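Here's the structure we're looking at; comments come further down.
Should a chain be cited, it is by its letter among A, B, C and D, assigned in written order, with residues numbered from 1 in that chain.
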Amino acid sequence: MRIGILTGGGDCPGLNAVIRASVIKGITAYKDELIGFTDGWKGMLEGTSVTLDVERCRDILPMGGTIIGSSRTNPFSHQDGPGRVAATFAARDLDAVIAIGGEDTLGVAARLADSVGLQVVGVPKTIDNDIAGTEVTFGFNTAVQTATDAIDRLRTTAESHHRVIVCEVMGRNAGWIAIHSGIAGGAAEILVPEEPFDIGEICERIERRHSRGLFSSVIVIAEGAVPLENDDDVASADHGASRRGSGEPAATDQFGHERLGGISNFLAEQIELRTGIESRVTILGHVQRGGTPTAFDRVLATRFGVEAIEACHDGDFKTMVALQAGKIVRLPIATALSAPKTADLSLIHDVAAAFLG
Amino acid sequence: MRIGILTGGGDCPGLNAVIRASVIKGITAYKDELIGFTDGWKGMLEGTSVTLDVERCRDILPMGGTIIGSSRTNPFSHQDGPGRVAATFAARDLDAVIAIGGEDTLGVAARLADSVGLQVVGVPKTIDNDIAGTEVTFGFNTAVQTATDAIDRLRTTAESHHRVIVCEVMGRNAGWIAIHSGIAGGAAEILVPEEPFDIGEICERIERRHSRGLFSSVIVIAEGAVPLENDDDVASADHGASRRGSGEPAATDQFGHERLGGISNFLAEQIELRTGIESRVTILGHVQRGGTPTAFDRVLATRFGVEAIEACHDGDFKTMVALQAGKIVRLPIATALSAPKTADLSLIHDVAAAFLG
Amino acid sequence: MRIGILTGGGDCPGLNAVIRASVIKGITAYKDELIGFTDGWKGMLEGTSVTLDVERCRDILPMGGTIIGSSRTNPFSHQDGPGRVAATFAARDLDAVIAIGGEDTLGVAARLADSVGLQVVGVPKTIDNDIAGTEVTFGFNTAVQTATDAIDRLRTTAESHHRVIVCEVMGRNAGWIAIHSGIAGGAAEILVPEEPFDIGEICERIERRHSRGLFSSVIVIAEGAVPLENDDDVASADHGASRRGSGEPAATDQFGHERLGGISNFLAEQIELRTGIESRVTILGHVQRGGTPTAFDRVLATRFGVEAIEACHDGDFKTMVALQAGKIVRLPIATALSAPKTADLSLIHDVAAAFLG
Amino acid sequence: MRIGILTGGGDCPGLNAVIRASVIKGITAYKDELIGFTDGWKGMLEGTSVTLDVERCRDILPMGGTIIGSSRTNPFSHQDGPGRVAATFAARDLDAVIAIGGEDTLGVAARLADSVGLQVVGVPKTIDNDIAGTEVTFGFNTAVQTATDAIDRLRTTAESHHRVIVCEVMGRNAGWIAIHSGIAGGAAEILVPEEPFDIGEICERIERRHSRGLFSSVIVIAEGAVPLENDDDVASADHGASRRGSGEPAATDQFGHERLGGISNFLAEQIELRTGIESRVTILGHVQRGGTPTAFDRVLATRFGVEAIEACHDGDFKTMVALQAGKIVRLPIATALSAPKTADLSLIHDVAAAFLG
């Protein structure tokens, strides 16, 4: 078979591992030819591609990022976009396309399958772990580990100076990274988008901690967390937005820059104002996206890449691969496009609560 | 409730996270009193213990090892051992014991429940991931990451010198660590106890790799892997042993020292003899057991520790906690004592095979 | 001897290693008694202290932060501060004080030696490496490694999205961290306080890179770097300030919060505006201060701690320990209080320039 | 100029950073042409080479190993070897050769300069840090960090099981790695080739530790350390060898395999025999050579690579680059060929002794 591969949306540790697995599996097991379309759907729209062979995929397993580039280009926003994608598919004599991406990329894949009959297999990808259908996505484990390493570092400096440190992690709509890194890092508070937080209660708990002899606190907050009361324009600025991936522009300035950190700075100011305890902010930002994937993510991404090739050869299109109970399965892409998988709040209420009290 | 905690068998990253979670959850949610028995069942046999309170558990989340010590002491090997354990339970006015350990420790727990009615909840622990009933055990993720980091390092030195490097990892009866670190590290061969290996075939594949321009190979081998042919006393020396945990004495010298590395040195010698390619051995050994747990293991261990306390308060004894499809469940301890969970060989045949061909 | 120890100023990886070394060396070699004054000079001002013995110093070698706390309290800003310090010295029957800190802490030490005859030995400490007299200070190596790890991660995400990423590191007055992490991370630009940067030239070089097929750039900028032209209030806001340690308030808001990132956000905006290339900002912040010290810093801090005890026993007061050409030496504290050690710009012009052209 | 580059001897983190720095500096500053001879002197002997340009050097800064391969081939052991090297130099129209290697590689360079007038600049390289003339060599910092990370891991498992763990690190003739990683890891004993150790005294100190309530010990031993008494064939087997690099064959088996670990296993057995305390061995081996260099080594290697190009353009041949008091200098290659730089034992006697008592 001749199979195209593309990566769309924000990058994520493990993309190269998926590419490598699909390429080597395809070539070794089926003598497939693999073509990498550059910068996501843009590559199929414009017909720009690179050849992917075994040599090209050497040494990329431990590399972060994606060797074929990524973008947020959506063919449905372009004049005759779907038709141009279909034309590329035909002109290149393709039998299938493997689309690696998040909700947006997979949504485009499903619509292209419907509208122009694109033979596509999806591989779900999100740092945030909020795609329905799969227990976990690659990249999430790496992001949590990177955040936990940072929290370990912040804890010691918080303790030395008896400070509150607010550490903002990715997660605009889902608190998975905040919850896992918060539990792993022994955070005093974990604040997530799924549940508005009460600044008054947080301050009370911090003061109670201090009265018990714990003179420092690390608060892990997802970038999409919001306060209960709407008493502040910083807080309200983040509301009402449609669903976006991590790190993508919420409130933006004139250059389209995301303005991360608004909620964290607001929170730190409120805590310092109300409790008198020195508070500082650290926003982890893009370091969570980059770098070498953990062993867990390399294995998961490799399994996804192999299964995607199998799905192509089974003609099992408009599906995506997923992890369920330790097994790789295939599901309709539509599964991923239903409601986002919000975080398991019992992890805060039953597990983390024990440590936050 | 008054609850005892003990850790038995080989140590494992995450033990302290379980202890901390049980202690803080018990105290915070139920005003429990927690007592740590030192060095596994030995502590209950001899009545030696330490008080576990919130202060003692500060800062131990990121620490490897176990603050209450561990040993392989088995009460059933001691004069009136079960009776002495029961006496300690009564004398300390305990309501429950949380036993954190592998097959041996949990087996003792189940037998004590039967013989002297010990009210015990088990928490499964093994680096090797070969306990039935739970999808994964804490410590495994850390061991795989440590092994993968080492393989990443070994690869560059293998490439510089055009060598074969044989990297021996833990796993006397199960190849989980070898398979996961082998896939994550991009190994050329993965050899596991579940499937005897054919040295002739390995040499052929290595020579084929070299003929294709790949002049180095990292072979990941579990310590319990054995060759197909029994043509060598090194190989056969490891056979016929009853089930043992990782790193525990197989062939031993006069001091009871484990003699690790026999199979790896044998393999490297055979490869060098048959192919003429320079071959070296690295045995990772105890570094796989130690050090700070990964974020994944900290979260899993914390969830286990919290659930163990809940099981105690539900009077749900002779059970153990386990992970299934992302949820923490309780199972009869007997589940863990059935056949060991051997590794998923499809990961070698379907996934890794693509990269080894 | 009875010796007091205190740590002042911003925390820094290796403080605990100094404390441990002084305590164990003092006790083992000389049967000294060691007293830790809490939170820097504040502890001597208020007479608050903890006993430091071998047991207390177990396990602290790999820990970031300082177990005796730190603050920026200056006795000379308090009513009869120097007198109160001298009174504590006498009341505790001390023979010497080891003061571990940066320019401020050491400056106070020297003034106290002059004004009230305090018998003090200094140990220089700064993340920023800008203390004169010593080739390098502990903490610097760890900060550079942490920054380099982050840059490694940022590079892959920059490449995937063909972006410019501006990475702000510590260094308000000196560019040591920026230069070393920039060279180690292969940065496209390194901007330091010692040399105002020309935004126009930076944009030209970035466009030249892009025209040569390099579609991403990581720019490492010290927090204290400033642009040549004063065409912007963001840029000018940081000017004119007296000397401050890293991460300390420059422009501050109503709560005294440092407003880090002003210069980086300004630079990213300018680059995006002038070149049209998507630009993002990451501010590493306090993670550079915390966490386990590198092996290099543990060894250096340990040597400093041992030598400080020797200086006490030699009666060699009003000196500080330092590293010169691989040897630990003693110098008058005044050496550290002369002009700050600015970064070696030849590292940018001769070394890094090769890679930036 | 047309400049050849080669890497000889055991590989070492930072080799690629030197190559990259020389290539990019040469091309950018002087429009040099750079040629990489493969596998050390073998490449010049046989005329095998690869072109080194900016593109080839992208992304190699963080990579361990050497992209041009290495070997121990010595032209003086080959029929008309020096003549063939000179012929290659002439045939390729070279103006200079940069030889990156240890005592052997640099020794060959100096002899070739004398015998056939080779215009050569040396860059010293050794994991072991035992080359005279330079304060430190790249690779050493990475090896020490890798060993320290392992010791951190071993400590927790030693503590959990109240064991002695003997950790063998590289260093056949010099104890630099053992001393630095031993101090950084808080080892109970540090044993080096420069000073035979007394097993009886070690056992006494360990028993004294245990009597004081410290129930575990990590002993760091260089592979070349030897016991005082010659009462054992294991110990004596390692004697009498001429100078060798780390990890190179000492006692070898029939396949020329190094037999590492003899001295460590012997020591562990003796300790267990004499004290009754369970003892285990871990031999770090080749992981110390591989993997990504630390920031420190990347900067040092980059500075060396840049300076080597400057030396070529200054016609400053038969010199090598070196680090002295923070500056890069040039010295006659002969400096490196004098007596090896043995470790600073005052670090054991004055610094570490405090912690070993």
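What we mean here is this: a residue touches a chain if its C-beta (ideal position, glycine included) is under 8 Å from a C-beta of that chain, and two chains touch if they have at least 3 such contacts.
In this text, all values refer to a predicted model and were calculated from it rather than measured experimentally.
If you take chain B and chain D together, no chain is in touch with both. Taking each chain's centre as the mean of its CA atoms, C is the chain most distant from chain B. In this assembly, the C-alpha centroid of chain A lies 34 Å from the C-alpha centroid of chain C. Averaged C-alpha coordinates give centres for chain B and chain C that are 41 Å from one another.
For chain C, residues touching at least two other chains, in rising order: 152. If touching chains are joined by edges, the resulting network of the protein chains shown is one closed cycle, each chain touching exactly two neighbours. All chain pairs that count as touching, in label order, are A-B, A-C, B-D, C-D.
Of all residues in chain B, only 21, 24-25, 28-29, 58, 61-62, 135-136, 141, 144-145, 147-148, 152, 180-181, 183-186, 214, 292, 294-296, 298-299, 302-303, 306, 324-326, 344, 347, 350-351, 353-355, 357 touch chain A in the complex they form. The touching residues of chain A, counted against chain C in their complex, run 7, 10-11, 13, 15, 39, 63-66, 69-71, 146, 149-150, 152-162, 165, 253, 255-258, 265, 268-269, 272-273, 279-283, 285-287, 289-291.
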